[in-house]
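Scrolling down, you'll hit the structures one after another.
Next, two complexes with chain A in common: one pairs it with chain B, the other with chain C.
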Partner chain A sequence: MTAPAAMSTPPAAKPRRRWGPLILSGPSMLWYAAFFVLPILWIVLYSFGTKDTARLPVPVDMNHLGLQNYRQAFGETFFQVFRSTIKISVLATALCVVIGLPVAYFITFKVKERWRGILLALVIVPSFTSYLIRTLAWRIPLAGNGALSKLLQRWDVINGPISLLDSRGAVQLAIVYNYVGFMILPLYVALDRIEGPLREASKDLGAGRLRTFSQVTFPLASPGIVAGILLTFIPMCGDFVTATILGGTKGNMIGALVESQFVAAQNWPSGSAMAVMMVGAVLVCLIVGGAVTKVVMTVLRARRRVSLGSLA
Partner chain B sequence: MTATLRPRKVRKGFDPSKLAMAVWTALVLIFLFTPIGFIVAHSFNKGNSLVIWNGLGTKWWGSLFDSSVTLRSLEKIVGISLFIYLIGWIIERAAHLRPRRIRSFAGPLGFIVAVIVVGLQTHWYFDLFVELNIAPAMRNSFTAAIGGTILAVIFGGLAGVGLARTTAWWSKAFMFMIILILVTPEVMDAVALNGWFVRLGGPFSHDTWRLNGGILRLWVGYSLYTSAVVTLIVRARLAGLDESLEEAAADLGATPTRAFFQITMPLISSALVAGGLLSFTLCLDNTIIASAVSTAGSSTFPVYVVSSVKGTVRPFVAVAAVVLFAITMAALGFVYSVLKRSGESTTQIAATMTGT
Partner chain C sequence: MNRAYSRVGGRARHYQRISVTDSVTTSSTGAGEVGSVELESVTKRFGTMVAVDSLNLIVKPGEFLSLLGPSGCGKTTTLRMLAGFEQPDEGFIRISGQYVQGVPPYKRDVNTVFQQYALFPHMTVAENVAYGLRQKRTPKSEVAARVREALGMVKMTKLADRKPRQMSGGQQQRVAVARALVNRPSVLLLDEPLGALDRKLREEMQIELKLLQSQLGITFIFVTHDQEEAMSMSDRIAIMLDGHVEQLADPETVYEHPSSAFVAGFIGRNNFWKGISNGNGLVAEDGTVFVATRPEEHVSNGEGALAALRPESVQLRATAPETSTNVVAGQVVGVSHFGDSLQYVVRAGNRDLIVLCPRAGAIRLAPGDDAWCQWSPDDVYFFSARQADLVMADPAEAAH
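Presenting the complex of A and B:
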């Protein structure tokens, strides 16, 4: 009796392994289909419609589909805001790399194990506490009679109080501030995964520090840089809180525009077209950035190739 | 293999590049803490505006602790948390379990239970933030964050286990979907959900029983991003452990359900706690989805702050912000200790926090 029972166990276990994961993932899949895929598909559809406030609850006329919303978006203020958003985001991402890389490098290679955890915690804590409040807090030093203005007056850089609020500079500063932590962390992770012996081998083979950094450490850290760019650039493009709080009318960003089209203007088709273009622009930026990096890397690698045949 | 064991060499003696980098790191850390310092300082502002300094005073902190109900409730929360922690410790000693096996979860669990129990008893949080009518916004923030976190832990936990245990064709598509959710600009998600909820109507527009339609919208809206985060954390946790434990359970005659609850659940519990706390802080702080999706009756604290920026922001906002900072930091501390005790290195924790 026992033998057949034992024999029958493996076939009984097989279907569990095949269907188990799918059953476990099923709820999430349905959830994402219902509340992520479908809503965004509707946004794409709305972007071809026309505004019709007579229809409720959805103020969109879907009978006359066309590209008018996209055409309209390209002409007006939208395009200007669009350009400034991309400019702010690209500059901020670059600044985050420049500011964050030395910090990540220092934490990874230059401090003892015990300090590494403390320094990382000091990066994580401000990055994960309310970014709305931290953005709002910048209004204090940047105000007309705030700390920064007073400091600049004491150093005789400016005479008379200036307000740095409601300007593009303020938005740029706060965006760099809000995201630099999310650049440092993936950079640290990537640098920490580089194995020590590789860098030591480079040194033993006679490479200077700069050369070791540029030809060994930096290329090996590039996945972290890519992750950091994804983690900072994409949210920056959609950020509208920073612009709303610090930008006034000058530092408008595309996220705020999209939001106002939906909430204030009740112009869903126009807002949808803007949202679709925003995501498209983010993708184009990432693809162009990726392609340029790839070309540059290929060229550099080709120039630096060491032919072992000539040595032999 | 040996590379991970060998301590990394730190150059001894004077090193100008190291000094320069140390100074730079210090400056960046000061930069990161500057606004937090200003907020804490200005919560002690005597004046009526957050931004304009008008002398030192505890006027706004005083209004936080005005009612005696608040203090008594805080005492109760601390008491219940300690009590549950103590029970965990006693069970641990009595059952001869590995040290800290239960205690590591008893702390956060006790705190959560205490908050819920005291929250049901009194409206302590209501009294806490009764100043400036922040109370309803604060309550909405917490209700929405707790609901969003529960959904995230359920969906993310299940999907994380599923994804770690298969290499089937659909798992790649599903992973792509999760990455897509993580990288879609949040504002796109927010407006899409807003339109979708309006179209769906039903429970999303009207109150069902005692559940506010706007709060339901927030739960669903928050759960998308956070469940993706929890999925990745759980998947990463299980990927390091092989399937043999669950197979052994099956060989010993456990049904798949029993194996899941007795073997898999304990293995991923640390990942669930860490992911849950992380998503709680993300929900508490969420502004973009909340301001697009919430209705008049369900606006959260961040939505209140954004709308108050147009006028004068009161220093009480800073007081509330400091309280939120404290809660977030406690949650982050728990995340760190839970991950650390489940044997993850500092790098893995940093990787988990950023989803890389």
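Presenting the complex of A and C:
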């Protein structure tokens, strides 16, 4: 480059280009900092404090900081609830994939275009209606004298009345129901982006339905599956409504435990410590899950690789 | 046929064309042999729309056959039925002598080159090409050798490790051809494969595809709406209209002896006149008298008829000729330079006439000049008026 060419670049252009996006995104970044990052930091801070009900409305004494809350939380009850929360969430996420994928596949590839929007709305709209009412509604069929129990008795599947209410099963069932819509939506988007001829090309090249699915459709839909897992697994781990309404004592989840610490026991530091550990556990779960996926993908890719040998 | 396409014995799955003299001994069409394709009164409907209407077609083994026609003529649907993506509602299809009703695409001995290439975006070029072989559980060492061979045929070996989105349209096109050919199908189906390429690249690919086809001796069925493309590559062309074959012949016959006004209008360009038959010609609506010596269709005296005249058959004169038959007087309204030829647009009455003169020795006229168009009776095509609406839908537009 010659000197005049370099000089012809207006010096003001560069800084403007750099600051423009920052200025535009500034308000929303500030908003997130003030109402998301800061409260989380606050929770982390509280988790080191001690309970002091004399200091309402914030019953936390920040003068004696320590790890005592974490030490307390590492008790038998906490671990039991913690384990069951992770179990329920992992199983529910897996079920959401298993249920959501065929539904999304069906809507994307097997339904005529004009029905697609209607079906999608039927799946999505309930997911966005009142969460509380939908969860409460489950109490009716799940009760001992409820519809499900009566039906099963009439068909002689069971002898006496069963009550799924206030059990882990009820929580498991309802949590899958509550979140499956959030799995179907990203899956549909991912599948819909796969161009039609790709699946035809696969069949044309000798792959049957199953192999076309496993080698073309599924790999191309994987970003949607990852998005769906994140959209369901993370909120499931923190869910407290389902456990509070349907879980009773046997179906407790961390979210409900944290909520009871904050609201019922007025023990903010203890609740904060549990919340921090839960967030950490979710992160660990996601990192482990991501790593396992990465390894599996690498192995699969290596099997598919074609080396042309001498030409490389 | 001067070419000896032959595939000796059952499933001759070799790339090298076997040039032997006992070609096509069983029958002149090669029906039933490996690489042959037969369609017998095949009909396909989508709702109330008839896409393919009792179509009959026999493709010879090793032939380069084009399905040519305007959009909506059923050519792509026909190809999709051969590939197995659509099932015919009526009629039969035989590929290499085997009925293929209900045979899914993955069990057919045909491969397709798709319009938008349809390369798998998550796989490299080599993995894309190897895909078909892997489905047949070909040993790894053989896969590598055959992928290398196929990529070599389309000169893409160097880009074997690229992903499709890192390549140009022309490169993707070559990979798509390699991916189909690596399976050594008896029949290769090509669905407007060059439609998305620019003109220069398209012409290069036309030559390469044609060369590849004659080297491999594989039957190519090539769908296109581009008549020049079909003319330059094909052994035979099936010109389709409304779901049936309007004419099936080699490029020269199709050009020289179009079987209908539609074919005459679709292959090359033509000036059309509508009028009333007078036995050995017609009197056009504007009074022009046409004498034709070779009617392509029989038209009885007094019936509506069409005369067609190719732009290159017309001679342009600056002075009035002595005769008045096969002559139109007008005024030059446009001149275009096509490199090797000159195109004049002559306005005669209320219609425009296109005249093409070779550059060497062409008469030079300017817009506004008076001009007389004259032609030989041997160059006048003569058809019934049944397809008048098809070829003269908009006279103003047809003239441009």
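The rule we apply is simple: the second predicted complex is superposed on the first by the 276 of 312 C-alpha atoms of A that agree within 3 Å, B and C clash if a C-alpha of one lies under 4 Å from a C-alpha of the other, contacts with A are read in each partner's own complex, and residues count from 1 in each chain.
By our rule, a contact is a pair of C-beta atoms (placed from the backbone, for glycine too) under 8 Å apart; a residue touches a chain by one contact, two chains touch by 3 or more.
Please read these numbers as outputs of a predicted model, since none were measured by experiment.
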Check chain A with both chain B and chain C modelled on it and let me know: fit or clash. fit
Quick one: is A:304 in contact with chain B, with chain C, with both, or with neither? Answer first, second, both or neither. second
Taking the superposition as given, does A:66 touch the first partner, chain B, the second, chain C, both, or neither? neither
Once the shared chain is lined up, is A:290 touching chain B (first), chain C (second), both, or neither of them? neither
Per the overlay, which chain contacts more chain A residues, chain B or chain C? B
With both complexes superposed on chain A, which partner does A:207 reach: first (chain B), second (chain C), both or neither? second
Check the residue A:197 against both partner chains and state whether it touches chain B (first), chain C (second), both, or neither. both
Kindly classify A:23 by the partners it touches after superposition: chain B alone (first), chain C alone (second), both, or neither? first
Should A:280 be classified as contacting the first partner (chain B), the second (chain C), both, or neither? neither
Identify the partner contact of A:220: answer first if only chain B is touched, second if only chain C is, both if each is, neither if none is. second
Lowest inter-chain C-alpha distance for chain C and chain B in the superposed arrangement, angstrom: 7
Residues on chain A touched by both chain B and chain C 195, 197, 200
As the complex stands, chain A meets chain B at residues 9, 13, 16-18, 20-25, 27-29, 31-32, 35-36, 38-40, 42-43, 46, 57-58, 99-100, 102-103, 105-107, 109-113, 116-117, 119-141, 143, 145-147, 177, 180-182, 184-186, 188-189, 192-193, 195-197, 200, 209, 224, 227, 230-231, 234-235, 237-241, 244-245, 255, 258-259, 262-263, 268, 271-272, 275, 278-279, 282
Chain C partner contacts - residues on chain A that touch it in the complex: 195, 197-198, 200-208, 211, 215-216, 219-220, 304-309, 311
Can you name the residues of chain B that touch chain A in the complex? 3, 6-11, 17-18, 21-22, 24-25, 28-29, 31-36, 38-39, 42, 50-52, 154-156, 158-159, 161-163, 165-166, 168, 170-171, 174, 177, 181, 183-196, 198-199, 201, 205, 220-221, 223-224, 227, 231, 247, 250-251, 256, 281, 284-285, 287-288, 291-292, 302, 305-306, 309, 313, 317, 321, 324-325, 328-329, 332, 336, 346-347, 349-351, 353-356
Per the touch rule, the chain C residues reaching chain A in their complex are 83-85, 104-107, 110-112, 114-116, 118-124, 126-127, 129-132, 134-136, 143-144, 147-148, 151, 157, 160, 179-180, 183
